[in-house]
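Listed next: structures, encoded as structure tokens.
Shared between the two complexes below is subunit A, which has subunit B as its partner in the first and subunit C in the second.
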Partner chain A sequence: MTPRMYEVVARRDDLPDTVTLTLAPVDEQCPTPAIGQFNMLWAFGIGEAPISLAGFENGHLIHTIRRVGAVTNSLAASTTGDQIGVRGPYGTGWDLTRAAGRDVLVVAGGLGLAPVRPIITELFANRSSYGRAVLLVGARTPDALLYRDELEQWRGRLDIEVEVTVDSATPSWRGDVGVVTRLVERAPIDPENTTAFVCGPEVMMRFAAVSVVDRGVPAAEVMLSLERNMHCAIGHCGHCQLGPEFICKDGPVVPWPRVKPLLRVAER
Partner chain B sequence: MEGLNTVGLVEVLTLDGLDDVVRVLRDQGRKVIGPIVRDGVITHDEFDSVSELPHGWTEDQDGGRYRLVPTGTDEVFGFSSPSTSWKRYLYPERTLLIRARRDNGTVEVVQPQPDAPAVAFFGIRSCDLVALGILDRVFLDREATDPTYAARRSDVFIVAAACNRPGKTCFCASMDTGPTPRSGFDLSVRELHGDGRHEFLVEAGSERGTELLATIASRRATTADLDTAQALHGRAAASMGRRMDPQDPPLAALDPDHPRWDDVANRCLACGNCTMVCPTCFCNATEDSTNLTGTEAERWRVWDSCFSIDFSHLHGGSVRSTVKSRYRQWLLHKLVTWHDQFDVSGCVGCGRCITWCPVGIDLTAEITALATPQQSAGRKGVPS
Partner chain C sequence: MKSISDLLGEHPFFEGLPPEALELISGCGTNVHFDADATIISEDEPADVFYVLRSGRVALEVATPRRGPLVIETVGPGEILGVSWLLPPYRWTFDGRATISTSAVALDAACLRQKCDQDPVLGYEMYKRFAALVRDRLQATRLQLVDFYGNNAS
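Coming up: the complex of A and B.
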């Protein structure tokens, strides 16, 4: 439960309320994270927040943080040279080994693009290990689209299909309009031979999981990353429970069939 | 023989002999904690001699009701599970997790040494002893061991006490957790009282228990003593105020949309009393604070309750915003999902949540109602 100190070595403002921090260990570093895992980031004297790994490069942790309250406001206010505490990594990761040789479908909504970003990095690093790669991204508005530059780059590549849609467009928007599930219907995949990774607001994930399964992707090949309130991240505080699951250690990444019946019950 | 591990040493002590046990434990440098009467209830605290135990008192407990009542005898253990559980001695209400100092932007973090005084639990009941074993599964998890809990738990000397007079809210017999301690103790005491007799059958359950017992003036237990103890056990098991059958029907099949959840939600105040008094409830929150200049910070872990709306807070709203969903979370966790998580029930049948619920909600009655298919659950609004 003791954080290790990291220093902010780079800061990028992604959106008016979202920043990406690159963190380097001051002293001892945390164990190497797996993609899909999260860290508890600690703002001195304010508190901790679970934040997904958005990247891991040369021992540096990359985290994208949206300001929604006391802790995330404080974390997002950090500038180069500031220190942040890190505990982790925690939880289950995106299991890319099960996707070997298969098509990979990644569906992200809003800030959900941050936790799936390492999947895209891994796909490019070992491109021949996987079949077709499809990334479907949904955002509320064009202005709320995360990692715009990177999306542009990925879109320019021939070895991945990137589709972006927004709930409500601005006059200059030339892309799709509508919910991300609409993109699932026409994603160029061989459904039976596809593994899907989904991250975004819970409602979006439920709809996305249903439409992915409707396309013919086996339900057990659909992975979701869930969010719950978390205080300890080690199964001691009880806050993250969803039925029998401690989302901090049995999740955040869970196979859809395991949580489907739980998410069907309102306020479970 | 039920509750008696006759492999260990079994002796019969007088009241003075029992006091000698306390004295030896104190001589070992232990804080001896046991049941005492204070502020109109039986609670636990440090004591020096058995004369401070609740001689002649019993508890009249029922849904939302607790009264101390004289037994008219000089029984030392004539009550059942006291108002407070023992968890606070292993898992304190507040624990300092870290202390930190910030100097010119550099942060130094210190994890304090766990504060683990040597203690003995004297007179812990069977249900509460089983509850400690349940908490062990949470805080002694091999992958995430809590340092304070581990330090305190490893050395605690346990003198258990069998119940002769279960309360009206007790249902340990139906949960298979009592009324006689079966394991997990160093010594276990059964008071033999009546017909002019006042003695204590003491069984050792560990090597250090055997060693301690061997130093106390006592006599070897006879078959007659064991028979008396067995009869007392049988009588206690048969006089439980309540019962819950955890098998029939399978609780996992409880309907999350049963109308009874709305019904209990209309009565529940979401005060969280039930979770505070429960010997197995473990949920907590972490709280950070700084000094005024922002140079020193602390993080504390404090008990929390799934009945608070903030418990499931997420940006955009709580997952469980209704009392119905929070009561359901509590009950289903205790009785159903605890099994999935820890291979054991989260309820030991101590009855405290029934007694200390200000509106007398009784989980055994709720389960009975919830286990009745909703079409036939026609008793809406009436707590049984």
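Coming up: the complex of A and C.
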């Protein structure tokens, strides 16, 4: 439960409200995370927030943070040399073992690209273990696209299909315009032999999961990463409860059929 | 070279239609090609044709006085460009521009409407398919209004 100290060794401003921090352990490091897990990041004197791992490289934690309130504002204001407390890693990860030999469909909306970034890294590291790889990304506008440089790099590769769509754009945008669910309809996958990983705001995930299942992907092969308010992150306090699920330990990654009936209830 | 009927038969929109129906519809079709940036349809012009897209991408745009043209939707391979030909006043409501080199089968609307009138079974089938298309587009447009990717959708 006691946070370990990490130092910001790199900072990148992704979007006006979003930064990516690379954190190196000051002394003792947290256990190696599984992809899809999250850490509790502690802004001193302010509080903690659950933040997904957007990467783990050479013992360094990579976190992409969007400013929405006190804690995320403080974390996102950190600069090189600043220290941050880290607890974790927590929660269930993206289970890539179930996708072995199958087509992999990743659907990400907005900031949801951060938690699925390690899936893309894993696909590239062990490309022959998987079938076709398809990444579908949705954002409000071209300016709101996260990791634009990386998306362009991935798009240039021949072993992954990357499609990006935005809600509206000016004619200088040569890509797709429309909601991300429309890309699902024409994704080049063999649906029955596909495992899908979906991440983004909850409404987007709900509709994306439905369109993935409509496309013929078995519902049990559709995984979502949920967000709920958290406090302890270890299954004690009940802050993150969604029906019978404690999202901090039974999630954040959950199979669609398990949470489908629960997702239309507003969080209190 | 593939016939129009073959091309339509390969397109998801016409999936499952019997060969005779495809043959009948293909009588209204021609192969067309547009270079990048070519204008395909223009707002308020007669909607006397629709396009069965085979490759490329078309941006539907609306001109705004201050911000210039805005792209509100794109359609691509396996999709249909144009539903305004279905009902009076048969006028396009948006501009449509090829963003990249685009190939399609253009179906003459008056010709197809006439065939649908003469063969109500075919007509009903076509209108059912277009109704599903319009429903899907309406749903997509509603989702675009929600700010699907922002804080409002969390």
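The criterion applied here is as follows: the second predicted complex is superposed on the first by the 262 of 268 C-alpha atoms of A that agree within 3 Å, B and C clash if a C-alpha of one lies under 4 Å from a C-alpha of the other, contacts with A are read in each partner's own complex, and residues count from 1 in each chain.
Please note the rule applied: a contact is a pair of C-beta atoms (placed from the backbone, for glycine too) under 8 Å apart; a residue touches a chain by one contact, two chains touch by 3 or more.
Keep in mind that what you see is a predicted model, and the values were worked out from it rather than measured.
Thinking of the overlay built on chain A, is A:V68 touched by subunit B (first), by subunit C (second), by both, or by neither?
In the superposition, A:V68 contacts both subunit B and subunit C.
Figure out whether A:M5 sits in contact with subunit B (first) or subunit C (second), or with both, or with neither.
Only subunit B; A:M5 stays clear of subunit C.
Could you tell me if A:F197 is touching subunit B, subunit C, both of them or neither one (first, second, both, neither)?
A:F197 sits against neither subunit B nor subunit C.
Based on the superposed arrangement, let me know which partner A:C237 touches: subunit B (first), subunit C (second), both, or neither?
In the superposed model, A:C237 contacts subunit B only, not subunit C.
Per the contact definition in the header, classify A:E227: touching subunit B only (first), subunit C only (second), both, or neither.
After superposing on A, A:E227 lies in contact with both subunit B and subunit C.
Would you sort A:R174 into first (subunit B), second (subunit C), both or neither based on which partner it touches?
second
In the overlay, answer first, second, both or neither for which of subunit B and subunit C A:Q83 touches.
It touches subunit B, and subunit C stays clear.
Between subunit B (first) and subunit C (second), which does A:Y130 come into contact with in this model arrangement: first, second, both, or neither?
neither
Between subunit B (first) and subunit C (second), which does A:Y147 come into contact with in this model arrangement: first, second, both, or neither?
neither
Per the definitions at the top, what is the overlap between the subunit A residues touching subunit B and those touching subunit C?
68, 227
Help me check something: in the complex, which residues belonging to subunit C touch subunit A?
Going by the criterion above, the answer is residues 57, 59-61, 67-74, 76-79, 97, 99-100, 136, 140, 143-144, 146-154.
If we count contacts the way the header does, which residues on subunit B are in touch with subunit A in the complex?
Residues in contact with subunit A: 97-98, 100, 102, 105-107, 109, 111, 138-139, 141, 143-144, 146, 256-257, 282-290, 294, 297, 301, 304, 306, 311-315, 319-322, 324-325, 329, 332-333, 337, 340-341.
Subunit C touches which residues of subunit A in the complex?
68, 109-112, 138-140, 144, 165, 167-171, 173-182, 185-186, 200-204, 207, 227
Which positions of subunit A touch subunit B when the two form their complex?
Those in contact with subunit B are residues 1-5, 26, 44-48, 68-69, 81-83, 85, 227-229, 231-232, 234-239, 241, 243-244, 246, 249, 265-268.
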